[in-house]
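Across the two complexes that follow, subunit A remains constant while its partner is subunit B and subsequently subunit C.
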Partner chain A sequence: MTRLEFWQGNTACAEGALAAGCRFFGGYPITPSTEVAEHMAVKLPKMNGVFVQMEDEIASMAAIIGASWTGARAMTATSGPGFSLMMENIGYAAMTETPCVIVNIQRGGPSTGQPTMAAQGDMLQCRFGSHGDYSVIALCPASVQEMYELTARAFDLADRYRVPVFLMADEIVGHMRERITVPDKVGQTPRRELDRGVLPFQPDADLVPGFATFGKGYGVHVTGLTHDERGYPCATNPGVHAALVRRLVDKIENARTAIADYDIINPDAEQVFVAYGAPVRTVQQVLHDRPDGMIGFLRLRTVWPFPEHSLKMFKNAKVFFIPELNMGQIAREIERHVKVPVVSLPKLGGDLHTPPELVAALEAHR
Partner chain B sequence: MRHEIRFSGFGGQGIILSAVILGRAAVMYDNKHAVQTQVYGPEARGGASMSAVIIDDEPILYPKVTTPGIYVIMSQEGFEKYGAGAQKNAVMVLDSSLVHSRPDCTCYEIPATREAKETLGRDIVANIVMLGALVAATGIVSESALEKAILDSVPKGTEALNAKAMKRGIELVAAAGKAQP
Partner chain C sequence: MTFEDWFRTDRLPHIYCAGCGNGTIINCTLSAVDQMGWKKDDTVFVSGIGCSSRAPGYIVTDSLHTTHGRALAFATGVKLANPVLNVVVFTGDGDLAAIGGNHFIHACRRNIDLTVVCMNNQIYGMTGGQGSPTTPWGCLSTTTPYGCAEPAFDLCELAIAAGANYVARWTSYHVKELEKAVKAGLETPGFSFIEAMTQCPTNFGRRNKFKQVADQVEYIKTHALLRAKRDRMIEQGEKVPDDFFVIGELMRRKRPAMGVKV
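Here is the complex of A and B:
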């Protein structure tokens, strides 16, 4: 059974989180993400959950890490300056392998920038923003329906790989209202508990250790310092550090195919768009208006780890066009993986690319 | 078929709520697709406010309004910023108690704020008068869908007042007739 709703993207995000079993939200309100927090503040106390408005985004990130170690599915939501403040503790979550979900409804930056306008300028920050080497997962919704579905999936991925998972939405998708079909129930894959007698940071074959939930009788030490498989600091042993960091990266990068979520449209085309988030909608319109099958489209829902194998499906591609609400952050990533020209189509200021703008780009490179 | 509707007025009139109600009516009660978007700044109130709705029988791809066919205008500044460029074949419903300019397109002059204040006793329901007028003028959603969406969206205890405001808007269209450019 499903039901029909006319929801805002941010409402759908909060509802998707609740349906996925999220029972802790720690956050600090900031436009254009505030409706996520508002909705969680209304709903969580009635569902045996906890909503805490923290003093800032540094503390918000710390709060969800703590909540996650008690076994809760935990989330925060922010934008722009708040996302920057979260960076140090995002690194702590990566190092301590703490499952958590961070929603970023992207707005124009740098700094306070454009609070009420859309952007996708944090795509590299979410991948590389904290210091040191690590890997994360980032999902990009392009509709209210996907705000619900991808938020729900983010919790499963966070638990599966013990990693911070980012829902990298934008103000357009976060604030628009549209038709959504809401399922009665969302399937959940629970976090795997640590087997008794196994060290708390000893990985399985998939490089992910079982989780030693606080209060369940495990002896576990959690630190941001380089640690051995017991969890104890071991910060001057080059071998231990190299192996730990390599595992934090490999557990995600090796699972690239399993994590990947994308659509391939018209794989024989010579001109190919690649898009994620709100610009997907413009590309969809262009393809709808030109149903000749001559324009290819790689439509990404997973951006990190980047599903580079998907680009290889366009065997006849002569040029890739990348419309983004930034100055070419993912275009730069795509350039690393293909031998044909990559045309970045940046758009700054908060407006979405229009269909004629994308058609003009196609004509200019024909 | 894709219909684009743009609402504008000043912050505090319920411009965004009007658009949300219209989108809700189309999706929840007329079984159509709709997307509602808005433009607003960091200010709390005042300033020109704009919200838009796209209604279609098919799923809506590009979510932004480009050439609106229907306008609902509730302030002079809103007219100048978001209504003055209306194409000749557009239809505009404007609050004639607040907007003194007139467009080059078909126009319904509805004294919504004055009627809300004098006939209904609360100027806060002017936006609902305008919604009633919009539906009477264009049939963009059904009257029953609009009424249900209004009743879903307004505070408890104000349902009767808002239903009356909607009906008053419908009557005003019949009384005003349309002014051709």
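Here is the complex of A and C:
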């Protein structure tokens, strides 16, 4: 059974989290993400969950990591300035392999920028924003339906790979209202508990260790210092550090195909759009207006780890167009993977690309 | 059990310098925890960054060694998500009062059910002896080479003003009193703050005319003023010397608390 609702994207995000079993939200108010926190503040106390408004985004990130170690599915929601503050403890979550979900309803930056306007300027920050080498997972919804579904999936991915998972939405998707089909139940893959007798940071074949939940008698030591498989600090041994960081990266990058989520439309086309988030909607309009099958479209729901194999599906591609609400952050990534021209179509200021703007790009490169 | 049963023996020896007071404070804390009859499985130690914050790594329970200054925010998440767990935080003056100052006052304001033991050595020991928010006026450190020109924080006054239910200050010399104060903190629902003044021979004493470890301990002992005595001095119109600090139980109250086990 399902039911129909007419929801705002941010509401759908909160509802998706609750359906996925999120029972801890730590956050700080920031436009345009605040509705997520407000919805959680209403719902969580009635569901035996915890909502706490922390003193800043540094503390919000810290609180959800602490909650996650007690076994809770935990999340926070923010936008650019708060996202910048979270970077410190996002690195800690990556290093300590703490499952958590971070929602970023992107707005125009840098700095305070455009609080009420959409942007996609944090796509590289979510991948590289904390210091050191690590890998993360980032999902990009383009509809209210996907705000719900991808938020729910984010929790499964976070638990499966023990990594921070980002829902990289934008102000347009976060604030628009659309019809959404809400399922009665969302499937959950629970976090795998550590087997007794196994060291707490000793990985399985898939490079992900089992989870030593606090309060279950594991006596686990969790540290942001470089640590060995016992979890003990081992910060001056080059071999231990290299092996740990490689594993943190490889456990995500090796699972690229399993994590990938995208649609391929018109794979024989010579001109191909690649989009994620709100710009997907403009590309969909262009394809709707030109149903001749001549325009290819790679529509990404996973941006990190970047599903580079999806680009190879467009065997006849002569040019890729990348409309983004930034200066070409993912266009640069795509350039690394293809030999044909990549045309970045940046749009700044908060407005979406219009269909004529995208059509003009097609014409200019015909 | 004794406090020794709480140590993670395969992590020893520890990193603390000869003469450091942190071990004394850890022992007092673990003694108090042991007297509470808490189970290892239900107890979590949380810390930030610095010498003091290495303590949880030597304790056999679940332990969270976090980022600089953020221990209280992490501990808030642990305690709210699972109030059954007993959560104790080790921190230091730099960790708590400088980079973690905002988290400190907000944890006090929330009056969340944590016990915080602050090892105040008045210096950044781990990084080699830089001035901290509690470095006394005029004292030397690598970043106050001409004498500290900033007034120091009184961490207990800060905790009281911000709303903590239990606040006490003792020293690494007053081990029995410190142990009792930590136990009182563990017993008190809500936020408990125990500040332990301690010596750092390597990075504070050496630069501030304490040639021997015992010289600094002696200084701490002779400059600690019992609360009752301080109050009496004020009553009689005597001036409390600037280089003295108050010790004893400084606050015990029952403000509504968060995260208390039901």
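Here is the rule we go by: the second predicted complex is superposed on the first by the 366 of 366 C-alpha atoms of A that agree within 3 Å, B and C clash if a C-alpha of one lies under 4 Å from a C-alpha of the other, contacts with A are read in each partner's own complex, and residues count from 1 in each chain.
Heads up, the rule we're going with is that a residue touches a chain if its C-beta (ideal position, glycine included) is under 8 Å from a C-beta of that chain, and two chains touch if they have at least 3 such contacts.
None of the values given here were measured: they were computed from a predicted structure.
In the superposition on chain A, contact is made by A:72 with subunit C only, not with subunit B. When subunit B and subunit C are set side by side, the one touching more residues of subunit A is C.
After overlaying the two complexes on the shared chain, residue contacts for A:242 are found with neither subunit B nor subunit C. Legend: residue contacts after superposition of the two complexes on their common chain; A:62 is shown touching subunit C, with no touch to subunit B. In the superposed model, A:116 lies in contact with subunit B only, and not with subunit C.
Contact with neither subunit B nor subunit C is seen for A:294 once the two complexes are overlaid on the shared chain. Residue contacts after overlaying the shared chain place A:354 against subunit B, while subunit C stays out of touching range. Judged by the touch definition given at the top, the superposed model places A:224 against subunit C, while subunit B stays out of reach. Within the superposed three-chain model, A:258 lies out of touch with both subunit B and subunit C [touch as defined at top]. Contact residues of subunit B toward subunit A in the complex are 20, 23-24, 27-28, 33-42, 60-64, 66.
By the touch criterion given at the top, residues 23-24, 26, 50, 52, 54-56, 58-60, 62-72, 74, 88-89, 92, 212, 214-225, 232-233 of subunit A touch subunit C in their complex. Those residues of subunit C lying in contact with subunit A across their complex are 8, 11, 40-42, 44, 46, 56-57, 60-67, 70, 73-82, 84-85, 102-103, 106.
Here subunit A touches subunit B in the complex through residues 4-6, 31, 115-116, 172, 175-179, 278, 281-282, 284-285, 288, 351-352, 354-355, going by the rule given at the top.
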